[in-house]
């Protein structure tokens, strides 16, 4: 039996070893540490784990392929969910941001998933000069010039996104529904989350602007299982279409129950509805006919993205959702920035990485991503998809089951 | 949709929800009645129940909604799954009691409640890790039958839920009222010391309460899965909280009260969603609860056992 | 708490921090470590973790007042945290921006608002409430909300209160989520202002926030300890231990429960300000049910009711989540490299932290049930000498003053007229009338179930009467609350002893003085000279009262009464009632369960009290005691007075014999005449 003292000594020596950093196996390469901040436990774990896998995949592939000779990428994964909050915890996100900022080897970051965490992290990252790329947080406030003094006090953009904000995705879907589907009346739902509410608000604003009749607006609790009440209410209101701002957590249940209660109605959502869960957990026939958008240009039959999706499934056993792919893109941009710095023979540190990311023209799964001076993507193209079952392909093959309809009309 | 059929449809919705809450509320009430313990582990025993049922049904080769069974195979599969699930969660409940709660018996204050919170975290995170936090499609072998009633639609799962839930509840009620062990349970609830002196094996009674309460939660979990056709590690919280509220509304410790409370909460949720807004449902449910308790401090039906204070 | 801490209070004001010897040094060391830590290890992330942990420690201290001290199970405590947080967040951000007008100019001079160019032209108001003003303001707002919510609900018991508070905890974040115009809804507040001190903004540097947080915790620890050892804390603990006895000892339960609730809410409100100022944003998700539960977990983990335990529990659980468990992966990986295990070196525990957390929680509850720092430590056994000391009877040197009151002996003290109490169809008392003259001892006897204790309960306001009148010194007291009746000068004991079991003998007796003391919340925390004098006088009086029982109780002042012998518990209960300086003392079977020697001793002591002029109303089964003590005896049977008179007269009354002793009256009469025990 190990005595208490022996155990303490063992722990102490382990701690020493841990702080020494990478072991001998990695000694040949220089290590570039990339921070990842996601709510990996609790209520938000579902999406966060997929995003984490996206980031792991891109850097594992880069390391395996020796994409940047002489350098190895290492992820410093931090959980911003706590048992105290039961979900993402902005206070922990702020702690993690400080951890990243004070880690000299850490030169760029991916995350967070939730805008609430982003708001707590942004000022700290700005003062610390660390660039992060969020694959999922779409609340426009953080990159809004109006709040620049709050969220980027040091002056330079540090909060980059590989997703467009709600400000474009919602309104362009409004235009698609009005112009392409001839929708004149709509019922709007959101899922209580910052993303869902923002998206639904943006959709509603545009609908009112163009004279589309909003028959009602309701809020779903993503932790609740039963939406039949709300759907019965919608059935009675009898709009032409239903728009849902939210992610798959509520989305799966909505799709299933909407099929029972309002099977014939036109139904659509944002990129939160581009998720394998919609295909596997909600499944067919329930999901058949739903519209969804991706805030990026469509990559027609791009073998690269198909390869990524296949590799992802092979490695992690589950399919990627949209944000897993935008996380992959964020990784590509970071790798691209490192390559640029090496080519320009510049040192790799937080400041040079920030500048390189800001100036990035790296090709990604969603085409070449360029950022404006606040950190948002310059491209505002929104692609529209419809779920149509392709029985010849696997159920969770998103490229087969999400049928590309074309870009949404711009506002 | 006419107003009357809308109202009827929402009533149907509320009754289905309510049946599920009632089933869960029974477990809370049973354990509370005997131990005066708010059992937060119950939330996730329910969740585990839905996963057990999922695995059993998958074991029968059922996936998604593609395989439809009828007649005897359907009944056989469902009954087998129900029995395995209820037994499994029942045993889980007994293990939780035996390992984590029995050592704390007799300690006053919320220590035991906190332990159940810890157990709840453990169950929640085990399923989270096992499923990679995915929402899973729940197999549903039921035929897609539905009936029009006065402009409202009733589906087969709804009819089943209305049949099975009261059946289980009545069974429990009869057990508590008639059986020897049930009488011992009631005696323990009234006064554990006196019951012990009269030769009631209190340990056995408490284990039975945990077995039955958890088995009912397991049944609830399976019915949840069949009704909503999905399950995930997250389902315990909201349903558990509503069910707990239902138990208190009816008068915690009171078996018929839990049933009435469950249906009441289900109907309140449906009507407030229809006539006010779903985002305020929780506010309305809890406001009604506060009002009821302010005027009837022991819930609608009061406690069967007098308070031990 | 030990008695020497209480005893020391009057002499050394700072001794409130000390729970025993060696404590001041430990506290000084702790404070030094807390102050110097960021200087020695200026790692921003760790300091930030510590600051968050300190914030949860402050919350735990607040909840400890509600749950730990007062015993009110609150499952929605995070609501008050949210209210404080949003109060500051809204009043120091761009969230609200009404149009600028002359109304705002005076506020601008106070620094509360400033004009700001609006989005659509024109000038709007930008709220810039200072952090330092917001701290007390948010405390007041939260306390107000606590009172508003508590007033209708606090009469609910135990778990019903728990579910109602849980509901409140659910409602508040929903309101903040749905009321977007006020709170920016689910997206959360933007750009909440950082605190500014002497012209320097705290910005995003974790260190100043850390100092603010630990200063807050230090103050709240100080306030909690001071409150605990005051009239207010004793009233709270009395409510926790036994609500009925607390009321009977003069504690206004509604008022003190509300006070506890409001104080807890105030702690949370101020803490919310610090939390939000540090994060510079707030979302409704930050205050959901798990937060309330976790704060409760923290205080139970630390030791419920223990101030230092609450702090330790919060710090450890929070650091476990935000610092130690996240670093665990690194440790395990390091271990793996050390041992050459590839599997260990690549294991990632990030997703398992909550699972490990749950396991730690369960194991901890199993193996250290009373928490890390239990509020009640095991009592030191009495020394051999103390246990075997010769019994001294103290009333010989009795110097109790002021019991006789200010009225002449013989004038009516208590007049009960035609009082009827019915429970459902059963009449427990039927038109009962009793007179108790000042300075007299009146006994009530009667068979079990004849309504004697109900009579006491209706006199002391525990059960309502269906009719009749009870006058005490000429004033109608029927319909008054129990605590008001005690304040008028009627104190009682209970048939089945209702003491406050985990409190010490001294604390029990001090609770008895509750109605005679006036220390307010402010006085309890800051202890002005007036409070100190009052507390010292209270201690002196308690010792004086306890001295009646000679060395029966005196060596046991610091022992929890739960562990005392039956007779000593009876004595403590009588001492507690006497401590309230009653004019009328109601004793419900004071000698029940005592052996003959002890009975004799107590009877002598009661006679001693009578000789001091105290009026006594006595329920007693031991007729020899009644004969010895009582001037007048009333006999109750089936809720009716069937006879009264001197003990000798009553003994001869045939109705009494029949009612009291059944058919075998003759034999029984012989028994009574022989002075035997009738029970």
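Every chain is named by a letter (A, B and C) in the order it is written, and numbering of its residues begins at 1.
Everything that follows uses one rule, which is that contacts are C-beta pairs under 8 Å (C-beta built on N, C-alpha and C of every residue); 3 or more make two chains touch, one makes a residue touch a chain.
This is a predicted model, so every value here is computed, not measured.
Asker: Give the chain pair, either A-C or A-B, that is connected by more C-beta contacts.
Answerer: A-C
Asker: Among all other chains, pick the one whose mean CA position is farthest from the mean CA position of chain C.
Answerer: The chain lying farthest from chain C is A.
Asker: Roughly how many whole angstrom separate the Cα centroids of chain A and chain B?
Answerer: It comes to 35 Å between the two C-alpha centres.
Asker: Distance from the CA centroid of chain A to that of chain C, rounded to the nearest Å?
Answerer: Distance between chain centres, rounded to whole Å: 49 Å.
Asker: In chain C, what residues contact two or more other chains?
Answerer: 177-178, 289, 351, 354, 357-358
Asker: Give me the residues of chain B that touch two or more other chains.
Answerer: 121, 125, 128, 279, 282
Asker: Hey, what residues on chain A touch two or more of the other chains?
Answerer: Only 41, 45, 49, 83, 192, 219 qualify.
Asker: Spell out the part of chain A that touches chain C in their complex, as residue ranges.
Answerer: 10-11, 13-20, 23, 40-42, 45, 49, 77-79, 81-92, 94-96, 98-99, 101-102, 115-116, 119-120, 123-124, 127, 139, 141, 146-147, 149-151, 153, 192-194, 196-198, 219
Asker: Where on chain B is chain C touching in the complex?
Answerer: Contact set of chain B toward chain C: 32, 36, 38, 40, 100, 103-104, 107, 109-111, 114-115, 117-122, 124-126, 128-129, 241, 244-245, 248, 252, 279-280, 282-283, 285-287, 289-290, 293-294, 297-299, 307, 309.
Asker: Using the touch definition up top, name the residues of chain C that touch chain A in the complex.
Answerer: That would be residues 43-45, 48-49, 52, 55-56, 94, 119, 177-178, 180, 185-188, 190-191, 203-204, 206, 275, 278-281, 283, 285-286, 288-291, 294, 317-318, 321-322, 326-327, 330-335, 337-338, 345, 348, 350-351, 353-354, 357-358 of chain C.
Asker: Quick one: which bits of chain B touch chain A in the complex? Just the residue numbers, please.
Answerer: For this pair, the touching residues of chain B are 1, 6, 9-10, 13-14, 16-17, 64-65, 121, 125, 128, 132-137, 153, 155, 224, 228-230, 232-235, 237-239, 269-270, 273-274, 277-279, 281-282.
Asker: How about chain C: which of its residues touch chain B in the complex?
Answerer: Interface residues on the chain C side: 67, 73, 152-153, 155-160, 162-164, 166-168, 170-171, 174-175, 177-178, 243, 289, 293, 296-297, 300-301, 304, 351-352, 354-355, 357-359, 361-362, 365-366, 369.
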